[in-house]
Amino acid sequence: MKILIANPNTSDAMTAMMVDEARRHCRPDTEIHGISADFGVPYIATRSEMAIAGYALLDTLARRHNGYDAVIVGAFCHAFVPAAKELMPVPVVGIAEAAMRAAQILGRRITIIGLGAPDRGANEDIIADLGMESHIASIRRLPLSGTQLTEDQAAADEMVIEQGKKAIEEDHADVLVLGGAAFAGMAERIATRVPVPAVSPVPNAIALVEVALRTGWRKPSKGASSPPAAKQTTGLSEELGGLFASAVAGNE
Amino acid sequence: MKILIANPNTSDAMTAMMVDEARRHCRPDTEIHGISADFGVPYIATRSEMAIAGYALLDTLARRHNGYDAVIVGAFCHAFVPAAKELMPVPVVGIAEAAMRAAQILGRRITIIGLGAPDRGANEDIIADLGMESHIASIRRLPLSGTQLTEDQAAADEMVIEQGKKAIEEDHADVLVLGGAAFAGMAERIATRVPVPAVSPVPNAIALVEVALRTGWRKPSKGASSPPAAKQTTGLSEELGGLFASAVAGNE
Amino acid sequence: MKILIANPNTSDAMTAMMVDEARRHCRPDTEIHGISADFGVPYIATRSEMAIAGYALLDTLARRHNGYDAVIVGAFCHAFVPAAKELMPVPVVGIAEAAMRAAQILGRRITIIGLGAPDRGANEDIIADLGMESHIASIRRLPLSGTQLTEDQAAADEMVIEQGKKAIEEDHADVLVLGGAAFAGMAERIATRVPVPAVSPVPNAIALVEVALRTGWRKPSKGASSPPAAKQTTGLSEELGGLFASAVAGNE
Amino acid sequence: MKILIANPNTSDAMTAMMVDEARRHCRPDTEIHGISADFGVPYIATRSEMAIAGYALLDTLARRHNGYDAVIVGAFCHAFVPAAKELMPVPVVGIAEAAMRAAQILGRRITIIGLGAPDRGANEDIIADLGMESHIASIRRLPLSGTQLTEDQAAADEMVIEQGKKAIEEDHADVLVLGGAAFAGMAERIATRVPVPAVSPVPNAIALVEVALRTGWRKPSKGASSPPAAKQTTGLSEELGGLFASAVAGNE
Amino acid sequence: MKILIANPNTSDAMTAMMVDEARRHCRPDTEIHGISADFGVPYIATRSEMAIAGYALLDTLARRHNGYDAVIVGAFCHAFVPAAKELMPVPVVGIAEAAMRAAQILGRRITIIGLGAPDRGANEDIIADLGMESHIASIRRLPLSGTQLTEDQAAADEMVIEQGKKAIEEDHADVLVLGGAAFAGMAERIATRVPVPAVSPVPNAIALVEVALRTGWRKPSKGASSPPAAKQTTGLSEELGGLFASAVAGNE
Amino acid sequence: MKILIANPNTSDAMTAMMVDEARRHCRPDTEIHGISADFGVPYIATRSEMAIAGYALLDTLARRHNGYDAVIVGAFCHAFVPAAKELMPVPVVGIAEAAMRAAQILGRRITIIGLGAPDRGANEDIIADLGMESHIASIRRLPLSGTQLTEDQAAADEMVIEQGKKAIEEDHADVLVLGGAAFAGMAERIATRVPVPAVSPVPNAIALVEVALRTGWRKPSKGASSPPAAKQTTGLSEELGGLFASAVAGNE
């Protein structure tokens, strides 16, 4: 089983971190590779950046998805995931949806732990896109960049433990989602120090893809994730235009 | 007052039709211009096509919005409108939201009349994005392309009247939204022949922009439509990258 | 195009203010007149006052709607608007619904700025009647009467700017609705001093009526706003009873 | 305990029927009287008729509520009930809310059996006003007037049994609400012939008022049903105007 | 009319208190008896305790329901009530649903006054099970056990008055539900000292059962409360197993 | 890693089938065991049967959970899962929630394929308990018992393929959930013959438990799944009573 982790951002460091975490948690016979977007933004914090990253994801995947059994979209963001599910000839899952759905099983009220400055709706959009408004306790953000987080893990762990405890006491959370690839490995490290479960996006996405492929998951030819009707496009890369030109509509 | 109608698709014919309808309905002192996307898809029917059109819209607007007081996004689709509202230095409105909000005033239960084959969620996404699920009677589609619709208006009018009457009888609609620029001029033509109001997207968007600008609408510096924090990007056009580089975060 | 602004309250001063604001914003060829209720309450703050004002509106309109192309209900209240839409032989719109729907386009989270003492549900009822609960950031009220507001506009502007800024910071609002006719002209005055848009009810109602009539809006003969079945009544004014006696049911 | 059943319509026959049914089901020490509206419509089927009946209810109650411990609003309609709860100096309950809340206890999915032609939203408005959309199986209407129903009870019983069985089979109802005073006595008569419970509005309203008064129910001086602030009115009857003039605001 | 109050807990003191309150409020011709669960927990505070109490309720009722016209489940908890409604050959109602539905009539925003330590979702589950989320102002708890409450009623009254006033001021409640049998008699005692109504569960359940039985309520043979299909069970008491063995499916 | 699959029903055949399927899909180092309830019902179809099975589950688990790292509740039903999560000293997950959450990732609109006669709300209760109403396309049932299904797999496969295709065409489903342990192995077999994904409950529960344990999942000491306060019980088995007696409340 070969799985591609596609980072819609341009940060190779974050891509490497996700691949590493995935390899630590995948089954022995699963092969993991990662790619970053060829252009666009180094991380996603706003809706215009989502628009850039969505196009960059499709364009990059168009050129590099061959040979993989499934694609994991490696950003804690959901807006562009349905587009990739539709256009790609292989099954696609996002790390945000994998983490948020697992959290709904491990708890009743979810707090998302996010990074950096208030992110203008990126996490709120995930919640709305997944229809989870009534399952959320809060969104809490650390005053750190992804780079700062990975440079001093011990300090970051303390901050997440502190915010997690506040989320439990003040927001009545009973599960935490560590909302970003930069939190790789933290869930295991803090497990004995927070009184509720913490969910890691990448390992959950891997586990979901593995079991889904093992039980027959294939690119759908009907429904919301089936390919669009063939269509001529203008000014796209040869590979991206080619996906539109050759698509066979499942729904029509 | 100068308003730019930006078509996120590549069809110049549809852009011309929207400009023409806008000019017939704008105030005497309003100036209207139109542009089409420089690349992408000729019309939007699916989520991957929305992703392409959203990027094309931002890239095209980055190069051509100067000198306008406001931008109207000229596609019956909403997914990419919040990104344009955020990134552009001038106010932005979409024709879909203008039509749907007017319809909520003119009736209680809305039927959207759409074009062509079932569109895999484009209209459903408008409804979800605008939070209007409980206000919708139905979506009904004509078996026509935009081109066919404009080539034989008399036939198209009959089809909309027929579908509209069915929507009223079977779906209990009490207002119709003509869901696309290709319906330009139809609302007036059929008004005496359908027993409920029909809403035209482009004139409603013009009226909304005119009154909003007259009563002080400016680019917000706070909230969901304020600009993102400045950010270095890779591989974008000079003008699009420039918008990200120069942005000053209102929210942070 | 002749439009009647019908104030369901007895305050002629407020009616004059709405007419004046409407004339400043209507198209050159639109003619605006105003009437106040012949009996009832000077302003609406509670549900029993809404019941009085609703009857007064129907009775007053029954005697004075002739010759107009459309009616605008001039109170920031929605409860009685559907009754007027149903009974009147011409199209009817309320200033509250016009303002609130425009606000949904200009922002994601709305704060209503209201007047005087907590109004026991009048604004809450608008929100519920329009199905907008999930789009509201807050309701904030000024400790002023409508008369006080109009007597010292400069002071009132400062209070709205202060409350607006608090709504943005504390309630995460990104659009303000100035909830009442007494705010006439304020949106333009404060536009450069609040970082999000402010919406004026009367100009938005005028713009909506103008574009709707231009694109074919007529009294519906089907649906929620079609006339009721003819019915004999007892003890109503001749004109109001006459509307019920002569009505032809569209729905039955 | 003295209870007044106030019919907001002008039909004395219907008032008498409600009083009769109430007396058959009240406790031995409860005294029941009834009044009809002094003016307005003979029955309520539309929103403009609700506006007329709401005012007629307030005006009639203002003159005739003295000496009663509580008022029951005797129409299967809810729009004007909150206004009466607010303005009257004694507790008020509507027969529609009493029936619908009892039905939520006796079943999970409710079918309302209504009368006459499709009633343009009266029943739909009850459901929306009470926030019960997700508890409703269907609304089914008999092709009868209230008079016809009471003239041939045996035939009416058969029609309700037939519609009730269809509601169970086709709409998955598990409780029926007999939506109107004209159904007096029917629930008992058909109980052994329909396989789910049927709810009578008037007896349920009586039972609710009796237990509420017995356990301390008084006119609230705080909250949504507390009296409005004192206010001068114009052109109202002496008694109705007097209620507004003398009111002491609980909320302000 | 003979009514059985079945306490799913093992506390005979609480059962006696409920029977006493019911007898003070029932009609003269109503006979009331009470039983406690034969095994299980002394009071219910958590979901695992609900699971124990639900089984104990079914088992106890299976042996002791004969001869009654209806059963009232005497715990302020709803989770197991639908199971009893389904399995018992007579109609069943819970005191929690009776109180909460009455409260929806007496006010718009409900505060539940509960007992003891935060109860881990028992009250929250009632709200969710009854679909009442949007009707709730708050849940407020007294730092008392049921025993403490009944030992010093005067002190308990003061605490409820204080919490009730806070609920009105801070949470905008306009009706209180006294959430438990231990509050018997308090609603009448405090009625003149709190400015909004207070609802007693047991008297409301009695009133509902009396009027429902009087108007024809019988065990349904269709719908959610009809008996399950006959089924062989293992290891249940003879009487409980017998109910399953003899049941005749109404739905199938 | 040792995982216990606890079947709350008494059918050893179904337990064996679940263990077998789990062993085919677990990681090489995972050890799986299964137990059936010691008493109760052979399968769950109604709410009273859920009440029996919930108690049987707690009682059986109390005696047999020692030595396991986590428990999987092996019934396509959710009502009693939160009670087990609360009372058991190890983490607990249900196969229904695991399947339904995975389905929300693999599609937008879910059809549940169920067994036997209409099950009176068991599947509807899962949907309500998980808050998934707006994500469901339909519930479709096969006219088979679990035994019949497993005896002729080829025939059962054809029936599921036929119902699945109808769900896609008529209900617009884009993912199927095979709602019961008796469907073990079917998802893989039919994958190439239905155009949308099919989800198997048991393998998804295993995958979720494996990744959650690997990333730190422990019994929570706070929140909805933390243990209740210690409490004396009456008449329970020594082990079940012991769990209540020794519990240490995390929330209090």
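Lettered A, B, C, D, E and F in written order, each chain numbered from 1.
Everything that follows uses one rule, which is that contacts are C-beta pairs under 8 Å (C-beta built on N, C-alpha and C of every residue); 3 or more make two chains touch, one makes a residue touch a chain.
Keep in mind the model is a prediction, meaning the values are calculated, not measured.
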So if I look at the partners of subunit D and the partners of subunit F, which chains show up in both lists? E
Required minimum of steps from subunit B to subunit F, each step between chains that touch: 2
The chain pair with the larger count of contacting C-beta pairs, comparing D-E against C-D, is D-E
How many angstrom lie between the centres of subunit A and subunit B, each centre taken as the mean Cα position? 30
Chain-centre distance (mean CA atoms) for subunit A and subunit D, in whole Å, is 53
Approximately how many whole Å separate the CA-defined centres of subunit A and subunit E? 46
Check: subunit E positions touching at least 2 other chains come out as 134, 224, 226
Viewed as a graph of touching chains, is the assembly arranged as a line, ring, star, complete set, or other? ring
Quick one: which bits of subunit D touch subunit E in the complex? Just the residue numbers, please. 25, 27-28, 91, 93, 97-98, 101-102, 104-109, 130-131, 134-135, 168, 172-175, 187-192, 195-200, 203-204, 206-208, 210-212, 214-218, 220-226, 250
Subunit F partner, complex, touching residues on subunit E are 10, 38-42, 45-52, 54-55, 58, 79-80, 82-84, 86-87, 117-118, 120-121, 224, 226, 228-229, 231-236, 240, 244, 249, 251-252
